[in-house]
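Input: a single structure, listed below in structure tokens.
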Amino acid sequence: ADKVSIVYIPKNTGNPYFDSLVKGFQDGCAKVGCDFDMQAPATAEATSQIPFITAQTQRGVGVIAISPNSPDALNQVLDRARSRGILVLAVNGDLVGNLDHRDAGILPVDFTKTGPSQVELLGSQINYEGEIAILSATTDAPDQNTWIAAMKDSLASNPKYAKMKLVAVAYGDDDPQKSTTEMEALIQKYPNLKGVISPTTVGVAAAAQVLQTQGKAKQITLTGLGTPNQMRPFIKDGTLKAFQLWSPYNEGLLTSYFAVGVKNGTIKNEPGTKFEVPGLGEITIGADHIINTQAELTTFDAGNIDQFNF
Amino acid sequence: MSHTPATAVSPQDAAKPLPLWRVVLVRPEMMTLVLLAAAFVIACLLSPFFASLTFILESATYYAEFSIIALVLTLVIIAGEIDLSPASTMALTACLFGTVFQAGLPIGWAIAASLAAGLVMGAFNGVMVLWLRLPSLMVTIGTLIMYRGLAQVLAGDKSIGKFPAWFVGIDYRTLLGVPVPVLVFVIASLALAFVLGATILGRQIYQIGTSEIAARHAGIKVRRIKFALFLAMGLTSALCGLLAASRLASVRYDLATGGELQMVLIVMLGGTYIFGGRGTIAGTFIASWLLVIIATGMTVANIPVTYQLTVMGLLLIVSIIATNAIYARNQR
Amino acid sequence: MDGVPASARPVLISARGISKQFAGVEVLRDVDLDLHAGEIHALLGENGAGKSTFAKIIAGVHRPSRGSLALNGTTVEVATPLIAQKLGITLIHQEPISFPDLSVAENLVLGRHEGPALGRVRWGELRREADSLMARLGIAIDVGKPMRGLSIADQQMVEIARALASDSRLIIMDEPTAPLTPREVETLFGIARQLRQEGRTIIFISHRLEEVRALCDRVTIFRDGSRIATEETARLSDNDIIRLMIGREVKNYIPQHKSQIGPVALAVRGLSLPGKFEDISFEVRRGEIVGLGGLVGAGRTDVARALFGVVPAASGSIEIGGRAITIREPADAVAQGLAFVPEDRAVAGIFRSLPVEQNITAAVPGKVAPGGVIRRALERSIAREQVRKLRIRLASPRQPIGELSGGNQQKAILARWLLTDPQILILDEPTRGIDIGVKAEFYEMIGELAASGRAVLLISSELPELLALSDRVLVMSEGRLTANLPRGQASEESVMHAAVPRRKSTPDGQAAA
Amino acid sequence: MNIASLFRRREAGIVVMIALFAVVVGLIQPRFLSTETLRIVLLAVPLIMVAAMGEMMVLVARHVDLSIGSILGFSAIVAGMLWRDHPELPVIVGVGAAIAVGAALGLVNGLVVTVFKLPSIIVTLGTLSLYRGLVFFISDARQVDPQYIPRGLIELSQTSPVFGIPWIILIAFAVALATYLFLGHSRLGRQIYAIGSNPVAAPLRGIRAAPITVLVFVLSGALAGLAGVMYASRFGYVNPGITGVGFEFTVIAPVVIGGVSINGGSGSVAGTVLGVLLLGAVSVALPILGVSGFWQQAIYGAVILAALVIDRSVRQGGLKGLLARDAA
């Protein structure tokens, strides 16, 4: 049979996060033998991916992997693609609320773990006490909201965190300028602030820049989700000690293995199915066809950050 | 009147009109048509997947909303004004539609609210431009920002969806194999071509754009016509906002972001003169297809979007310069 | 120096064979003129005689089509205003040129001082200099204020001050006194005499004979683009000057029309628009041609535009056929049976790039588009009919009207209004810039219009045509009606008499702007 | 009517607005009134202030430049790529390159506008898209990561030569001062006002409008280029899809609020600086007050429209003149 062809459509072009995800795809395809291509829209606005999906459908590719810009605006084009026999995979973010419009969702970690894990990472650095705040992306960002809910849950239910007090959740809209102002406002409003969690790459970078600029790193502990390349200078100069993420590379790698397997019939796309991905070990398809690339978040700190380049 | 002997004819009386072939062929729309043919051929060469009518028509639905607005914008620009706010108007009216619907009111009410809001927004532009006599360019840059901001205030950044099944997916309904939005575009083109080309209203739009002062002196109700055009822009934008809501089955404040540039691009590409007085619906119609062909052709040929942006920007500048040059040449 | 006759002083600038064409129309023809150092030289002539054009050529604003200029005996190329400035020639424009956002002081020096582009502007010096200039002119203007707030008169004074500031050998003042009060005029004259004392030359353009008489050593009279005479002022009587200005024998091609004068068609009462015209009242009867004469800027056009609703009057009433009506915009006027052929044909008349036929039918949408849809065949036949009737010369009715000659454009505009079957026609300078031959046709048409029972208000700056065509002549001066002369009493002298502003007749000293 | 005093009042008006605003916000959130807030406001505005100086000159000359956001992105990415690919180069080379690139892009704008006699708004709308496309193109759509931005550049936003005021703020005010001296006190600067005030008359006074217009676009581009490196300094990275996007409106709003007329010829550096500070204070205060950032854009738009109406009514002599009929 022909080689399986995979097209990956990230949120937008020029976003460094997706570069390493693409690298994973490329390496995966080199190993399992598939054709890979990446097509990105210029902006991450709700409709910008639609023409790309249609064009790839027209090209008759085997697999469309997409990091959706909107959880519901893509339903119809994706259905059209699937009706042509194309395997549609949501990668890195899911079609929350519209899961039946894709064949499977490949997410980096079990998102229920993100929140507690971030709280623990911060708590361990501030002796589990003091005022803390969250600097998120947009008010309606679905992933971040899931995580924030879980953070609140942990803080409330786990006695270990009894002395940590969440004083504010701010939203930087994933915009550097806005995130900067919001972070500055947090520091201004809460003079006793001990720690900040920013579970978004733009936010955590902006927050680190603010701490560095204001020389407040000693007073306020920052953690969050960031990419090593973006955070490297701040780890090196001690602005923050540790942050977390997962491996976008592995998402690409796993997706290519899974896609080819499903296409060739060697993997049955059913919850409970297990399959092997070299380097990632045994992977299980979870409920709602959600597949996680790793069990726990990766924590980056001065000790390991130089092993990563993305 | 009685006959008087012929008197000396001044040299200017002998001026000959331009040869017919120049009048017919050296026109901006012709340039667009040639570009369209060239783009089509190139697109076919670039990708074997391109030359499929269903695919082109389906792709056309993504541009149909902007194209429909560009038709009305053509009239506005011919009349010597400009409106940069329609994309934001689309977003605001669509978000209003979503909010009203979400509030539990019947969907008919939501549609009515969005159309009414479109009229109000068009009227606001019109009042600022025609009664406060502010330049339409700056006014609509202001409302471009404000309407988009209000959409954000209204809907936050979450998408509003879960519309009833009959409302969504208008782009998948076809008539004679043509998706409804494209059909709407074609019908609107025919209707507006008729209005602009064959009715007295269209004639007066050209006259206003050619010389607003002369038009006023000829007893043409300039303000009334321009106000009607701004209203039409608002209403059409609201309508296209609804088309987009149906196509996407959801609305969000960032709907149609940057669409104003594309609409102006279409109108300019179609050979409408930025200073008013000239232009045709046919030109805008052809330019819409040109844009569809270029964008679709490049996308299906897997040409990175970076090239696409560059090509669009260049096309806009080159088309204004060319249009300007052709008009300057044909005019003495 | 006063004792020496002007002609005996050395020649400062001499013009030889200066001609100028605009779009093929010759507006200056072979003008020779010598100006002497230390004289004040008046240019006189009717509107459009070419005075301003000549002045602009000397000042480098326009380049002559033919001819040459010599300064102190050497031929010079005055290619730009900047070069003129450097040669010591300053022009005070008829319409003051100003930069409304800049301060008075800056307006005074802009473009004058040489120096590096990034050189510092010395505000203190600038201000002192400006203040002293203003003091010299005896006017109290805060030179730190922006020009925008200044009255036209003050702006004109600033222009004059600017000319004084630059050490010019030749200062050309194009109707500088038009907006000034008598006291300001006196100040200006004092300064002009002082400049003459210093040996500088002044060209003084004015329509006011008494001013010319009071100030100028010599006068040159222009007519139809030609220099007619140059003479010591004292040697010419007012009557001589007026005769020379009007000059041409009243041409016999102007038909004397006879028509039945009927009831009042248009009555205007107390029409005012502050700053433009005051208290205008008159009547025009059916079948009557009423002429409206006056000098440029007298406000005739403003009255016409007010009647037609282009810029409505602030107060006063208009009656048509005995009924009081309100006209807020031209569309209202058209609906009331008015028609208006504007003086500014290129801007307010034609749709330059549109076909002649569309230009002709522009005011009668209902006729060419019953039900809103244009019937092309109908439109064409209507247009052709008008083209034939008015003998409009063109290649095709589909030709853009901009390609036609001025006279034929004007005929097309008239054709447009004839289609509306108007009861009252307002014609503002209908024959301006039109060839003699076409003019004759126009005169005939105007006569026939009145003969068919229409009321005609004819604004014209050409006295012969005004007198020949009008059953009655109204004269405006500085925004007011100053005469209402029946045909028998209207003569070139009587009209001119009423048109020339009389300072004594405005006791408050405030000229209408 | 004394327009001069009105304009003076206008600047005073903005000062009053800033003061009132500070008092109101201070009453609700007392911590707002602190030197730290001042510092934050000042840190928020340098980019905008520098670009606003350029945009202001363009507006004074009766034009508009919508492409500054894309020029900013273009210059920043060029500088960033230089530093990334040639780490040995000193910081100043990148800064120089960014300014030069900005000037070159401005030159293109200016030439197209003057040579083809096209309206600047449409031309710069076109280059807005064209330049952004080229940004993606030259950068291969890749971000320049923080590790490549020179330490020395970052420190401009952090270290201070005097009174603890970071370099970047001093640079912005230095640019404002230079603009003030240039526009307000040099012959050429006054000629820019003259061109904008009466473009038809300018040549009659010997002012060469075309080259000066081109120069104004070049300056606007160069300042946008400088703002580009300031972006890199402030945010520590350059992203082709983010850096400078939508910046044009962020800049035009305070310029128009500051009293620069879109009809050219008027506007002061002081007014523009105050306009920038006012909007800076608003954008800092909204989060401190806990107001949703969603309002920010709507407020920007409304403020532009209000400034247009105020500007027009000042020129027409009050609201009555504003509603007066056309003098067609």
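Chains here go by letter, A, B, C and D, matching the order in which they are written, and residues are numbered from 1 within each.
Keep this in mind: a residue touches a chain if its C-beta (ideal position, glycine included) is under 8 Å from a C-beta of that chain, and two chains touch if they have at least 3 such contacts.
Predicted model, so just to flag it, every value in this text is computed and none were measured.
Undergrad: Is the C-beta contact count larger for B-C or for A-D?
TA: B-C
Undergrad: Express in whole angstrom the distance between the two chain centres, defined as the mean CA positions of chain C and chain D.
TA: 45
Undergrad: Which integer distance in Å separates the CA centroid of chain A from that of chain D?
TA: Chain centroid spacing, chain A to chain D, equals 35 Å.
Undergrad: Could you give the separation in Å between the centres of chain A and chain B, each centre being the mean of its C-alpha atoms?
TA: That gives a centre separation of 39 Å.
Undergrad: Where in chain C do residues touch two or more of the other chains?
TA: 310
Undergrad: List, in ascending order, every residue of chain A touching at least 2 other chains.
TA: Residues 13, 40, 42-43, 139, 173 of chain A touch two or more partner chains.
Undergrad: Tell me, which residues of chain D touch at least two other chains?
TA: 136, 141, 292, 326, 328
Undergrad: If we use the touch criterion from the header, which chain pairs count as touching?
TA: Final set of chain pairs in contact is A-B, A-D, B-C, B-D, C-D.
Undergrad: Can you tell me which positions in chain C touch chain D when the two form their complex?
TA: 61, 80-82, 85, 93, 97-103, 106, 110-111, 113, 115-121, 123, 144-146, 148-149, 310-312, 328
Undergrad: Touching chain C in the complex: which residues of chain B?
TA: 1-2, 4, 7-13, 15-17, 198-201, 203-204, 206-207, 210-211, 213-221, 223, 277-278, 327, 331-332
Undergrad: Can you name the residues of chain D that touch chain C in the complex?
TA: It is residues 1-4, 182, 185-191, 193-194, 196-198, 201-207, 261, 264-266, 325-328 of chain D that touch chain C.
Undergrad: Which stretch or stretches of chain C touch chain B in the complex?
TA: Residue list for chain C touching chain B: 24, 308, 310, 329-331, 333-335, 340, 342, 347-354, 358, 362-363, 365, 368-369, 372-374, 389, 393, 395-396, 398-400, 402-408, 416, 435-438, 440-441, 444-445, 448.
Undergrad: Name, in rising order, each residue of chain D that touches chain A in their complex.
TA: Residue list for chain D touching chain A: 29, 31-32, 34, 36-37, 40, 43-44, 136, 139, 141-143, 145-147, 154, 157-158, 166, 234-237, 239-242, 283-284, 287-288, 292-293.
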